[in-house]
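Letters A, B, C and D mark the chains as written, and numbering starts fresh at 1 in each.
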Amino acid sequence: MSEFEPKIVGFFCNWCTFTAADLAGTSRLSYPSNIKIIRMMCSGMVDPKYVLKAFLNGADGVLIGGCWPGDCHYINGNLKARRRVAMLTEILKEYGIDEQRFWLRWIAASEGTMLRDVANEMTDKLKQLGPSPFNLSSNRKDLTAMGGL
Amino acid sequence: MAEKKPIGTVLVAGAGVSGIKAALELAEIGYKVLLTDASPQIGGILAKLDNQFPSDHCGMCRILPMVGREYASQYCMRKGLYHENIEILPFTELTRVEGDVGNYTIELLKKARYIDTDKCNGLGECIKVCPVEVPDEFNHGLTQRKAVYKPVPHSTPQMLLVDMDVCTNCGECVKVCPTNVINLGAEDEAFTRHVHSIILASGVKLYNLEEFEDAKSWAVSQDVISALAFERIISGTGTFDGQIKRPSDGKPAKKIAWVQCMGSRNRRQKRDYCSSICCMFALKEAMLARQKGGDDVEATIFYMDMRTFGKDFYRYYEKAVDAGVKFIRCRVQEVMHNPDKSLSMRYYDSQKEEFFVADYDMVVLSTGQIPHKTHAKLAKLFHLELNCQGLLPTQIYDKVKLVKPGVFLCGSLMGLTDLSEAISSGIAAAGQASTLLSSLDVTIIEEEQIAEPTTKDRQVPLISVVLCKCSEKVEKSSVDFGALEMGLKKFNFVGEVNIIDMVCSDQGKENLLKLLKKSQSNRLIIGACHPFMYRKSLKNLAKKAGFAASLIEIFDLSSIVHKGFFESVKKDQTHEAYSEIISIMENLKLKPALHVETLSMNRTALVVGGGIAGMHASFALAQRGVDVHLVEKSDKLGGYAGNNIHATIDDLEPVSMAKDLMIKVLEHKNIILHKNCEVAATQGSFGAFETRIRDLENQENQYLSHGAAIIATGGLEGKTAEYEYGNSANILTQAQLREGLSTGKIDVSDAQNIVMIQCVGSREKQGRKYCSRICCIGAIANALAIQEKNPDARIFILYRDVMTYGFAEQYYTKARGAGIVFVSYDLDKKPEVELVDGKPVIKFTESVLNSEIELSPDFLILSPGVDPEVSNREVGKAFDLPVNDDGFFIEADSKWRPIEFLRTGFYVAGVAHSPMTLKDAILQAEAAAQKVYAHLSSRKIHRAHVISKVHDAICVRCQRCVDICPYDARSYDKVLDSIMVDAAACQACGMCGVACQNNAARIMGFSDKQIMAVIDAKLSENPMFMVGK
Amino acid sequence: MDFSESDKDLWKQIYNTKDLLYCLNCSTCLSGCPASHGDPPLLVRNLARMVVFGLEDDLLDDDTPWACVSCSRCEEMCPMDVKPFEMILAIRKWQSANDETRVPPSIVEIYKRGYTQSVGTNTKLRKSLGLPELQTITKMPQMLKLYQQMLMKTPVVSENDYMFNEE
Amino acid sequence: MANFTKLSFKKGEMNKKLAQFFNDMMEKGVVDALLSPMTQPKRGVMQTLITDSSHLKAIDPFAPVVPLNGAKIASSITTTPSGRKLAMVLRSCEIRALIELGKLRQANFEDVLLIGIDCLGRYENLDFLTLQARGETSESFLEKGLAGDTKIDDFDICGACKICEFPVADNVDLRLCIIGGGTDSLYIESLTSKGDHALEIAGFGIGETPSSRDADVKQLVSARKLARDEGFAKYRESTHGFDGLEGMLAGCINCYNCRVACPVCYCKECVFVTDTFRHNADQYMGWADNFGTLKMPADTMFYHLTRMSHISLFCVGCGQCTSACPNSIDLMPAFRTVAQKTQDRFDYQAGRSHDEEQPLTVFENDELVEVTGQVK
């Protein structure tokens, strides 16, 4: 059997992390294709619903990438994101989604290498952890495919 | 028939941050800009800096236009700049200028890159095979590069070039180039253009160890580096992936020292100026070193004066002190290289009266700015002589105006500027240029008016997909376009799939238009490279074929194809492209057609404050045909400087200057003056404000309509009760002394000793927490004036740090040369003053000899700094503008948006912003006027497509969106009992959308439904074509 | 420190060049000065300040200018072009001119061991850098004797020989 | 410093005494209107807005039933102030919810005299009606409750109340206290100057302090906390992880009754009933395709998790969600356990204070560093 390939949804801020992903691309930094990038204008634009949706639809991990504090193009959207992530983490933890599956990281536009490192680190972590409990629920256990709810 | 007027065109020579800002400003008005840079890349010094004070990060994107933001790409500024009105010409030099005001013929020399960057795919096969290795300038020699290289590794698109100076002409690169774009025989290309105005912005050069004789003795080790090299070390794109290691052996650098004033403040080397930026630069680097390297990193700054003169600079310094950065006041003579590679420096501690030797892993030299070598060249181009400071001669009050009319300058070309001043000056120079252009018989670029089709978005979604094969240049067979086409065609909502070639070329565009005209679809996806560059033109093209602009998605096919997947198997690339297109289609299917509305702009400006800044801004606007309401609280114009300061050390005469300006203001038909009036309240949004002003004499209200406003409330001389001030006739403030000397009421001819105390009540926790910026220079001016009248008097200036930044350093030097004695004191050991027989007796510690001095000076002069105008808080309240703890207005962003408020349509100028010199206040006033003019000028201002709206029926008025909006774009209207959105101010950041739990606040074109559909698509394991749906 | 007695224009007597006034007390001259290792140390910056302040008595009493080894580094490095080395020489001249009986203590040092400074202390550092051991005259008693005899022929030593012959 | 006034009453006359008290308040102009639970003509007890004091005799403030969390009612009559002075009799869960609503600009405390009651728990609505029909009265309920036994045959107070650590209402002007009193008296406690003023005008002096109240309250609260922690532990064990949640929500029919009943679900219309969640048939088919099955109605799990993200920070644990569920899904422990975690994370407690800002409305540069674990 082939190795478990986790699916990660990346909500990346247009100004920093998305640009860093672009940079990683142009700098030939290879990072795992497990991360499905969705461009948001700001990490503060990531609604908790999106994160829940991603997990419910089969994501094994969610990575939100934003600008460093003080660096947000929209002044402080990233700080808002941080509070929401803290809140949402508490909810997800109660229902089996470990903190290690839901990351918020500050990755500036110039930090292509950090993006690569974070992507690698998260992919490795999720490989260790295995599929998300949302994908292993009794309802779905017998089903080979993973997907929407 | 009238002949068509030419389009106003401006050359901006120099594409550093000030040049880019100037170009953006002019392009926003609708003028055509040629933006050249002598280097192969735009961005100037900023391209190398990942981290800027005060946030210690980047933020350059904040200089992008806020209103009508869709005209410039919303993209990382450090990677690229795209604006349809800006033609970017890197590696191009201005070689000849002919003509006169408003009419120049310029000759430009485009240097050969030897690579056709339009066709190059940027993948750098050539780099791999190039046998030449030389130190890479971008990383300050910390890394190597090839002869063919990318000057800025993170730019988009990749702009490679061949360095012919080191190229061996082996031809290997030519052989491997998959796109045949290398021509080693290419030649420089000279061409001429016609422009109406010229802005020079050739920027700054930094003192460096390789070039300058007196610095070479420092280069004892690889671990002695310049400040800019340190920036490259801590940069994420830099040499060690952002880890702080020493270059010699890659070991972590735990003890780092910064040595200030490297190359500057040096009379011997004829560089008697202060580079102005290095103190903040070093503070920031020291902070970053500790943040990135951890608490065990020891950061020490060797300095003479910590010149933390700008707004909030002193606070940052205090933060650095609190963060454990060490400061040693000693200019070190040399660094010694120890056998274990560590670096030793010996210094003297005056207080302990002892020498110390400290070892460091790395020594960073704060290499200062020096006037650019191109100054002389530029002077020659314009037949001018450089002034005694080696700078281009400018008009006395306007730093951005060259003595030659029609030519302007900005950034460090004016002298030595920091980032915020570079930005302000860029705006101001653009303002001067636009003033000139508005008086000429030229026009602006009219936007292509293509009617938006109204019917198509009501149809069932049918998507046309166009994929540009140009992406094949990436890697010939990496994407199976046939499979893509087949797969996509299976969807019933896909109208057609077209594979075309070179959509960026004219021929490609023509082909595309033909295809689209035949299309029955109502939505369009175009996959091409660099969508940021082509978005606008492709959208216009599609609009001509009947597509609604908001229903067109252009995505970066080329980067999807290879981004991040270089090591993955090739079939993945088709798969990735496919799944990306599916996601975009899911989004597009659900997207509503968005329509852009023109904002109704009231073409009147409100200026609050009739000081020099306010008058200057009013006049600058009036001259360009904008109507101005000028509101002044008192009964006379001129403000503090215009009524009190007769002469300054740099030969300005504020009072007489203000008088001239006053006459211009009073006589101008476009300016309505409201004296004795204060602002009471305002309502409305950008473009349509209504402000109530109250006449202080008869308490009558008046309502003024305006589209934008400039706050220029000014400041006052600070007040103090320290040092027995007010208790003796012999204790005066600098202002009283200045006044007394000029009127002759104060007689210093018999004085033996005069003591001045600087920073009275300033830069301390209990007082003004800022440097007032002008007091050191003011004290020196007064001291020199006394000295002239009474050369026998001993004058002591007790200071904490002498803030004579930039070329003002020369006044400091002059004062010392005149025998004025400067004695530094510490905050914890302030001078003590007591009165004996009504006369002051002062005790202080002489800092050099470390001995106590007691003196009975004839006069004790205090420098109590600058206080903000007392009414700032009320003005702030009336306009809903923030005021800081000190009482000055808070701008949107201290570096990148120094003269704007977060509230769209409001600008700040002069001392209302922070204490500043007259020239700086005028510069800001000019810049603020330009910002207002750009909005109120004739070009139509559209709100953006993507903005937030309110679904009123389900809105519960909790106002969480109002509280959370970072741009004050949302407000609660009590009368209507509704949430209102200022469409111009809204930046579509989406904060309101998240704060609102039931989507009553929503971002048009960014709906939950769309994003959730994208999540669905992204997570779908079985793309539908695989299962043959 | 008392300024009532000090002479504001003393610098004109000692070292009449405006260059001196430009000193901004940056300490460049101090940090690399070999004589600053002495005891008491030569503090060039402080001397400049004393001259500017006109502290005549203190200056007259100060022996440190005689510790200068004439390496001229301060001169080369001074960012304000104060020409500190010239100033040191000027102070020496001024001191001598104002006190003809003055015998600088450094001459005694030179007489005794050939150097104003104790150079032997660098043995360890020299060794670590792989430099040969320093051959000082004190290690060659015969040469030292000849050397002292030679010095004794100069008036300043012979006229004050009581200071040189301690034994 | 607490000010108590004792109201003694004869058996069966507690409500009469209370009616008298409120009558004095209204007659003397302390308030113009009163919101209080009131016995309804046929059966049941509902919150009722009274502006004519002659109708006061039917009030029943201590009735152990809450058909609808009063915060919702209080919100509707205070958000836009009427300009009339209003007293509202509410229990702790209602007041705490109301405080949160106030922060969300859905309530206004300006002209309000807030009166809290000691609450020993409520019975489910239908249970209460049954018991009422059998002749139980507020006094008889209280008597049993104070003796520590709320169980009447098969009926007992609802689960939320059994683990409620807030029997006493805080942040009120006046408090109607029965704990520490007796079966023949209650105490009116004034906690604010507004309360003092009201008592003074109404002509009530300061009386004796109930001697055992503090100890009794303490004892009750600690017993409840114990029950709460046990309950949480039990719930977490039985409903562990996603499996547990899925099992619990298996019967959810997307009726949204829980959100209608929830006092802090303050949206005018839930996002789940807006067009955002009006999916096309092909979407349903697509999701079903992915698994082979799709439990309908869809989005139930999504709905509950989203609601947790929306209101767990404001959740006061009133248990109305459980009471409202037609399919007997016990949502209360699910929301309370989550709320405990989210509120603790921000050191926040829903309804604890008017002044604490809701966690998602304030943001600091240097906080919650552990979320990213990154330092520059």
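The rule is simple: contacts are C-beta pairs under 8 Å (C-beta built on N, C-alpha and C of every residue); 3 or more make two chains touch, one makes a residue touch a chain.
This structure is a prediction, so every number in the text was calculated from the model and none was measured.
Peer 1: What pair of chains is linked by the largest number of C-beta pairs in contact?
Peer 2: Top-ranked chain pair by contact count is A-B.
Peer 1: Using mean Cα positions, find the chain sitting nearest the overall protein centre.
Peer 2: Answer by centroid distance: B.
Peer 1: Using Cα averages as centroids, what's the distance between chain B and chain D in whole Å?
Peer 2: Measuring from centre to centre gives 53 Å for this pair.
Peer 1: For chain A versus chain D, what separation do you get between their C-alpha means, in angstrom?
Peer 2: Taking the average C-alpha coordinate of chain A and of chain D, the gap between them is 37 Å.
Peer 1: For chain A and chain C, what's the span in angstrom between their mean Cα positions?
Peer 2: Using C-alpha averages as centres, the distance is 70 Å.
Peer 1: Going by the touch rule set out above, which residues of chain A reach two or more other chains?
Peer 2: Residue numbers touching two or more other chains: 48-49, 53, 58, 68-70, 76, 80, 84, 145-148.
Peer 1: For chain D, jot down the residues that touch at least 2 other chains.
Peer 2: Residues 271, 286-287, 289-290, 310, 360, 376 of chain D each touch two or more of the other chains.
Peer 1: Can you list the chain C residues in contact with two or more other chains?
Peer 2: Not one residue in chain C touches at least two other chains.
Peer 1: Okay, in this complex, where on chain D does chain B touch?
Peer 2: 104-106, 266-271, 274-276, 283, 286-287, 289-290, 310, 360-361, 375-376
Peer 1: Applying the document's contact rule, which stretches of chain B touch chain C when the two form their complex?
Peer 2: The touching residues are 261, 265-269, 304, 329-334, 339, 345-348, 350, 355, 753, 792, 794, 812-813, 816-819, 821-822, 824, 846-849, 851-855.
Peer 1: Which stretch or stretches of chain C touch chain B in the complex?
Peer 2: Contacts found on chain C: 1-3, 8, 18, 21-33, 36-37, 41, 43, 45-46, 49-50, 52-53, 73, 77-81, 128-129.
Peer 1: Within their complex, state which residues of chain D touch chain A.
Peer 2: 236, 240-247, 271, 286-287, 289-295, 298-299, 301-302, 305-306, 308-310, 312-313, 337-338, 341-342, 344-346, 359-360, 363-368, 371-372, 374, 376
Peer 1: In their shared complex, at which residues does chain B touch chain A?
Peer 2: Chain B residues touching chain A: 50, 54-59, 61-62, 74-76, 78-79, 122, 153-154, 156, 158, 235-237, 241-242, 559, 562-568, 572, 576, 583, 902, 964, 966-967, 987-991, 993-994, 1003, 1006, 1008, 1011-1012, 1014-1016, 1018-1022.
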